[in-house]
């Protein structure tokens, strides 16, 4: 059984039909990439999965349970984390407070402390800046914080919306390494990326989204070599 | 571009049209002898409330700053214009000429206050600004209440204490009498003048919005940092919006003041309650929607001061009696319901769906 | 004479020396890149150049004119325009109006002229409309002129921001991560557009970017910033092959 | 039509609602009583009361609504500023106006307008004279509401008249509608100035606070007020021992023991569940004054408002009326009543004539 | 001597403003909305105590009852009138609704309890402290004590407890807070519950110190407390207390040493001057937007 399954999703913004019947699934332990042009609806899908948006039609199943109508905060408790587009860090809280907020659903102090150590190890810059107000961090620093914050909930599946956006090349590589290591440590990953090449390189399978519909899907490595993908998303 | 400009022009023409048609309807009602006293008594209030709402919308909707002190500008305009009228009552006997000068004085003095209050505005944002405008309105109200001005053969006498300290000759006449304000004001406001002033206000505001300066003001609203980066002088345009809005509110105040025989500053008419009332018009009509600011005050005043009052006359039905005795209660409930209905995202979606469905069925 | 000459620029935030001893010389019509790790101070340099922050050291010469410490308005008038790392459009205004606000200081008429629609108003507005539409055509936005900026898809918003910056008729255009959030294909189109702008408008451009394909593809010279200081500068290939740059920034 | 249509206007919502409601209730009661006893000249009265929220503009709206309804006489308005505004309209229309409680001079500026209560200057002057003649104090402090017409009106004339009286005003401090919770400064100043009397030309709500606060600071001068203080003893929950010794010049006291007052008070209490304040008495009298004048003038409901006004104007100066708020009341053509103020002192929790 | 007396009066008045401002700033800081009805909840709280003590209930249970009723009232208002508008296109929508709620409460009170002034019997039985001619009333001492307890309590609550942390997150970004697993609706409801509970307390203390109760009793102190909250820095809990007390002192000193007629103008003028010097209030955080 798939860990996360989306069935015939229909999402509207007022009259705008943004998602027109999207279905896909994510198996436990996989890295799934969701790629597509600007405005294709990737962010909308993630928002719908984590309950920030309510779909007009279709279903979201998580570990066999229908979570279509489950409120966002309950979904987090089920073990799903979401690194939102545009980082959405708590600008007036310190880096440390932001990270603690990520562990909101957890109660064991020692385990939280452990996760904090783990995050600091992955992102040493965050430890250096732990008392700085998050709003004054540079763009890249904020991205790291958003990721670190999501990891603090010790999720079984993590949804990432363009985590490499605005990062320096070295960090982009690092982020993809981190995604792989997060995956290796047993967390399932649903990855939305503009950097299709890198995303496909680490993903198991991928879906291509075009104006609210899945236009293509398959093994990530195969898609990497697909001519139409190369032309449309890899700029080759 | 050109299509866009014609579109705006068309939209604006509709707004003027609404005013003119409304005016004509009233004239017809009146000419055919169907005009009731209560309706005719509301005509001038319609005009000044529209002027006040439209001018406040310039600050709230176009500049994007919350002002809770609009009644203060109205107050300044009212008192300065009436003061002029009272001083000149026997000098300029043509009431139209005198009233036009009074209106101009009201507008100018209020605009000067607009600039004065605009200066702190430059440093403040959001709620802090709202509080300062509120404070400003309350200061004006307080000062006017302790202002005594008298006139005798030696000229004008001022006091901030009481009439006695004016130290006037026995022949002296107290013009501004503290909380009692000014009494015996000639009734210079007429519906025709009111409508003309509404049209002038609309003309100024609509054209300002669609000009270079209006765009600059809106750009500050949408993103101050970006506006600065393209060389917009934020100071200048904030002041411009505030002073134009204040000046127009001053006109509204002058129209208000010359409609009643007595003028005094009470919490009801020039306190924050009034500022909030005008804000209610603006929000109900739509923030930044000038046409809405024309319609909302009229509808709301009609409901509150016409229909609800008339209810009682319909017969001795206890429900109607209750409703008319509790106008403010009805108003509160209606206000909440309207707000929920027109602003709640769920309701908007629902309305859109229903509306859309109907449209589809028709098509 | 260089279009932009910056010497020894610096600023601190609290205890943090965000930019220190920054210098750069950009010739007219050059396409210049500013790179560096996250938090190195690149955006801060832009903020210093455009007057958002006042430098506590150093000098800025634009086309020979000293603009150090000037207000953002003066600097905009002097001829520096920019885009923002996080898009800052006038979201409730139409696409066309966004560009027309950009021309604010070039097509002037008084408020009264605006209210009474004097011939001057009509002339200037017509001119502005015309110029703005041309710009929008360049950026493939003409058909959306009447849309609210907020309703544009992301990629178009980025382009509108550039169009708006160009509307101020600048001598120097600063682009802060213009390709962020774009896929490689879209980035490719953006590169063409930047080149086009440089050629067509005879523009000098300084850009911040993390996308090395864009940087190596269009920049002629680069400065690499690290911890607020210049670590390397020179032609694009020199800098990108600098071992220090590779370890601190590029990786691999 | 065979009924007289009498309108009333006053605040029944907003901060001044307590006055408007008293007037509304008492006038309705008077109208009912008159109707039960056969009406005016054999015709029944229809009474309609409109809310004005204590605002001049709303008051004029209310007036216009009543005109549409067919109002022939106006018993109103309750508060001074709105009354002045409505009087402007009424005098243009030649509509008969009798205000129960609008006490500003300007509130009855036209010849169509009369009032039941004393005017502010009248009360200010009378108070100063009373204090002076009875040698009640040597040093007087005043606490007044500088944002209120009634209060400043009395205050001004009290000060003017005090020049002719053997006492001295040692402090005069104001408060406003927006800061009327704390009176410690005003009281402290009075105390520091050695005032042995504090004159309170204000309403009883604030007076009850002043009395409480004075007690809290161990300051016990004589308090002297005007008709606005009436109602003090009726404040629910008020510790009336604080009001011991308070003197007031008022034409009405709810626990006076004349038959008329007693009957009125008990009827009112039964009907509305609360003790009537002086505004209610003014209004009750007002309705009966209209009746008296109407009968004198012999008006009938088929006359229009202007004709009724002309008839009543003349009749008003000819009648003498004995009521709750004065006996032997007469009116001059300028609309002012002639009646004797009664001075009362609060003793053992009750008003006692002095 | 009179200076000290004025100072004490100022602190007494100010402590009442402060306790109202605390509830205000709580809702304001977290839900980011100006709850214009706050002053009217205060009024309701005072009426509940008035009628329950009049019916023979002892003071403490009456106050508790009032806190419970106001807490429920606050939550109902939030759920019915404010929640549907939380994501409205303009924050002014909910401001106007709050004004509607304020009018509604006033007019319901008018309907049920009439406009007649009620004289409130103080629930504070502690006698005044009299030292060297100075007189500090029991109400003042209790109010100040209550303020301090509330400031400390709220600060601890927000910084040390999970719901408190949730409030911080919600105040910044409701969407992101949800992604942390925070129940935004519940958090805001809790904020209103606390704010309204504080309002009840404030109402009781306001009317104990200044015992006159009408349906409009809450509205002006509500506005003044709002001013005090801004004065102290919006959202800052100690700021609300300091702002309230300073406002009281300024009001009294203005009356005492400048002019009692112009006390309001003086208070507001001082406020404007302070905000000009410190645009985010006395203890407000200076928020700099990163470009």
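For clarity, chains are labelled A, B, C, D and E in written order, and residue numbers in each chain start from 1.
One rule holds in what follows: a residue touches a chain if its C-beta (ideal position, glycine included) is under 8 Å from a C-beta of that chain, and two chains touch if they have at least 3 such contacts.
Not measured: the values here are computed from a predicted model.
J.: Enumerate, in label order, the chains that touch subunit A and subunit B alike.
T.: Under the touch definition, subunit A and subunit B have C, E as mutual neighbours.
J.: What is the chain whose Cα centroid lies farthest from the Cα centroid of subunit C?
T.: D
J.: Centre to centre, by mean C-alpha position, how many angstrom separate subunit C and subunit D?
T.: 73
J.: Could you put a whole-Å number on the gap between the CA centroids of subunit B and subunit E?
T.: 31
J.: Please set out, as single numbers or ranges, the residues of subunit E touching at least two other chains.
T.: 107, 110, 261, 264, 289, 291
J.: Using the touch rule from the top of the page, what residues of subunit C touch 2 or more other chains?
T.: 43, 52, 84
J.: In subunit A, what residues contact two or more other chains?
T.: 136
J.: So in the complex, which bits of subunit A are touching subunit C?
T.: Going through subunit A, the ones touching subunit C are 35, 37-39, 86, 125, 136-141, 143-144, 162, 165-174, 194-197, 231-236.
J.: Using the touch rule from the top, collect the residues of subunit B that touch subunit C in their complex.
T.: Result: residues 1-5, 7, 203-204, 207-208, 210-216, 218-219, 221-223, 225-233, 240, 288 of subunit B touch subunit C.
J.: List the residues on subunit E that touch subunit A in their complex, please.
T.: Going through subunit E, the ones touching subunit A are 162, 165-166, 168-169, 172-173, 175-184, 285, 287-290.
J.: Quick one: in the complex, what on subunit B touches subunit A?
T.: Interface residues on the subunit B side: 348-349, 352, 356.
J.: Give the list of subunit E residues in touch with subunit B in this complex.
T.: Subunit E reaches subunit B through residues 28, 34, 81, 84-85, 87-90, 92-97, 99-104, 106-108, 110-111, 223, 226-227, 230, 234, 259, 261-262, 264-265, 268-269, 271-272, 275-276, 279-281, 289, 291.
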